[in-house]
Amino acid sequence: MFNEEGPGEPLLSIRGLCKNFSPGAAALDSVNLQLDRGRTLGLVGPSGSGKSTLARCVTFFEKPTAGEILFEGRALWSLGNRERLRTRACIQLIFQEPAASLNPRFTAAEIIAEPLAIQNRGNRATRLERACRLMETVGLPPGAAAKPAPQFSGGERQRLAIARALALDPKLLILDESFSGLDLTLQAQITALLKDLRKRLGVTYILISHDLALVAGLADEIAVMDHGRIVEHADTAQLLAHPQHPRTRELIDAAMALELP
Amino acid sequence: MKYAAQRLVHAVFLLLGVSVLSFLFADLAPGDFFSELRLDPRVSADTVAGLRAQYGLDRPLPVRYAAWLGSVAQGNFGYSLAYRGPVGPLLRQRMRGTLLLTATATCVAWLLAVPLGIWNATQRGTWRDGFFKFVLGLLLSIPDLLLAIVFLVLAVQSGWFPAGGMQSLDLSSLSPVERLRDVVWHMALPVAVLVIGMLPILVRHVRASMVEAMNAPFALSARAHGIPRLRLLFRHLLPAALNPLISLFGFSLGTLLSASLLIEVIMGWPGLGPLFLDAIMARDFALVLGVVMMSTIFLVAGNLAADLLLYRMDPRIRVR
Amino acid sequence: MRRRHKLRSILIFLGVLHAAVLLAAFLAPYHFAEQHRDFPFAPPTRLHWIDPAGRLHLRPFVYRIRQDLTTASYKEDPSQFYPLEFFQQGRLFGVPQPGVIFLLGSDGYGRDVFSRVLYGGQVSLFTGLAAAFLSLSLGLVFGLTAGYYSGWPDQILMRSGELFLALPWLYLLLAVRAFLPLHIDTVQAFLLLAGIIGTVGWVRPARLIRGVVLSARERGFVLAARGFGASDGYLIRRHILPLTFSVAVTQATLLIPQYILAEVTLSFLGLGVGEPVPSWGNMLADARQYHTLVSHAWMLAPGLATVPILLGYLLAADTLLEETVN
């Protein structure tokens, strides 16, 4: 789970990333970002600031207009097909609406085992076994493996999505607004789960949200985005104590309206 | 206006496309008008070849198509080998018959369907509703073919209605009013069959549209305001229900024409149907093509009219 | 749940009708081409249980019938009767010769209408089913391609679909039929009819499936699977295709009755299956001479046979559509 390269090299390195959907409308404007292994980055900003676009560029869903993304030192978008497949296993994206990302006709086990099936790992028996173990990891009863997705509650479906994302042993896990639909209790539960997984598996996270409060409890460092650019990037404590950019201050003020952990 | 122009251009392209494809397909067809002749041992192959050349059947495809287009521009639509004359006049004459039949049937069907549908919409949930649905379903399950034959037999047996044709033989001696009555008398049975065929679907749609309109927020609030029922019906509900019905008209036009084809053939009404069948049996491809184009024009024009009507009536579409 | 039961009853009903037709060789007392020249246009034979002496027989029987040559009508001759026999010569029931049992009367050649309706049903029903299968398959292939890949496959599909829909359906069918050989033998006729009816009707199923695929393509679980590196083939097979099934089934219940009627119409007009093989269409063509119909109403039997079939499919379609709406 920990790779062989030197500790000094960042896991993810983004340089000068640009993405234009139409001429003149830049979703990403020369973004620079580095993330070290094992760290948790909180990516915050208002709607439309480019957070999701960034996530999609890193996970092969959107092709950048310019700039480069290096994962473990290799340029992401220059990879060949087989390499890309392997890299997809290393970087996983969890969507905003976990319920929508689960096929209602699939059982829990089928959902979790799907990445393994797609990447042709193991056989049906080993995949099922791994699915059950992953269910335990995220705190779901393995006995529910044969239940179809709609029979799980909202919070449980979140866990299913996370379990599925873990199936391929990813090194980087990106959660895009994954907490937005949940109530505070569930948010706390999922936060606890993520902390636990981080401790056990050493996963690197990028947490994307428009809500600073949500992210601050989990993130080691926070990057603030506005209009496609990263306007501030610092360690969490530093950022909260001495915000530099007006946007950051706005977000902190908004978070103060609810309790900060 | 711009919308109308766009739709018109689109329609023309559609017609051209159909004509090209038909021409191509006809070309692939084994045999032609003179094939039967070839089978006759008394006629030599040379004679047949000569006939083919005489009527230009041996020219290359693009040439024939261009010649046909020219003929269309002049209103002739090519030359019918079976009828020995231009196709155009035949089409126009028969087109009138089909138009008369289908237009009358549509009017009668709508005049019946709208009140029936409205009445039915108000009957939701009662036993009458279920019974009515059953009757409609049964009517829908009776094929036009069967109905036409039965009606024809009844007509012949009872003598109440003529057994075919559009007008009686001694037409010239009748006054205009009597002539009209004569046509109506001839038309009654074919129209009846068409109407019975159309009614179930139409009533269903009217009912569904009415129910939807009745339950719409604007209708419920109007009722809450105390607007009297009839006024509500005519000034508010019907216009709202009209849109899907106009769309339905566009959709059902094709089915109507198809039904008309069969009924014209069975009941001897001089429309495009019997002409088409004659052309097919005689392998008179120019005539087949002519009928195909005529029916396409009819359908495309009908749909265009429905589209434009919808566009004018529904402000929501215009915003697009 | 009530709908499930309703659907099941309707399907059982339809199944019985189709099975009856399939088992024509067993259920019909006569072969479809078997002629009884002595009994043209005989009315439906009546079954009796009580003989002239007033005794009750457990096995029903029929009287010999004689044709009155002056009036051409038939009378029963009580002096001769023939009890029904069962399971003789591979057929469910029959009567020993020279008795005849025409449950629905006989036609101009003395052929049993009941038997011919059963045999004819094979042609009409299964042409309809085969054509519907063809339409749906084509619709599936084209709809999937257009919906999934968009771009020019989609454009081609939409434009060519418009061309097919520009003509009224029966005109299109007849036009295609017109350009094919007029005289064809039975096996060819069946394949040809099913082929053209099915091919000509690909557009509506294709458009519907295209619609389903377009929305399915954007579903979260499809995107997620793509994120794991799923190929197009996998996505279509595992996620998108299952979503098209309910649309396909509903379409089938709408198309099959239409296509059955298409075969009947074509055969009726002389452009389909011909003598001596019966189809409900060509049997109705016989009935078209109204001098026969007035006195021989049973010749309409093939037409009446279509009614329960159409009704069954109509009810099935309604039930399925209700389900999807709710």
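Note that the chains take the letters A, B and C in the order they are written out, and that residue 1 is the start of every chain.
Everything that follows uses one rule, which is that a contact is a pair of C-beta atoms (placed from the backbone, for glycine too) under 8 Å apart; a residue touches a chain by one contact, two chains touch by 3 or more.
If you're wondering where the values come from, they're calculated on a predicted model, not measured in any experiment.
Asks: Quick one: do these chains touch in a line, a ring, a star, all-to-all (complete), or other?
Replies: line
Asks: If you count the C-beta pairs in contact for each pair of chains, which pair comes out on top?
Replies: Greatest number of C-beta pairs in contact occurs for B-C.
Asks: Between chain B and chain C, what is the separation of their C-alpha centroids in Å?
Replies: Those two chain centres are 25 Å apart.
Asks: Compute the distance, rounded to whole Å, between the mean C-alpha positions of chain A and chain C.
Replies: Inter-chain centre distance comes to 57 Å.
Asks: Approximately how many whole Å separate the CA-defined centres of chain A and chain B?
Replies: 60
Asks: In the complex of these two chains, what residues of chain C are touching chain B?
Replies: On the chain C side, the touching residues are 159, 162-163, 165-171, 174-182, 261, 264-265, 268-271, 284, 287-288, 290, 293-294, 300, 303-304, 306-308, 310-311, 314-315, 318.
Asks: Give the list of chain B residues in touch with chain C in this complex.
Replies: Within the complex, chain B touches chain C at residues 14-15, 17-18, 21-22, 25-26, 28-31, 137-138, 140-143, 145-146, 149-150, 152-153, 156-157, 163, 253-259, 261-262, 265-266, 276-277, 279-281, 283, 285, 288, 291-292, 295-296, 298-300.
Asks: Would you tell me which residues of chain A are touching chain C in their complex?
Replies: Listed in rising order, the residues are 59-61, 84-85, 88-89, 92-93, 95, 97, 99-103, 105-106, 114-115, 118-119, 161, 164, 168.
Asks: Give the list of chain C residues in touch with chain A in this complex.
Replies: Listed in rising order, the residues are 219-221, 223-230, 234, 239, 242.
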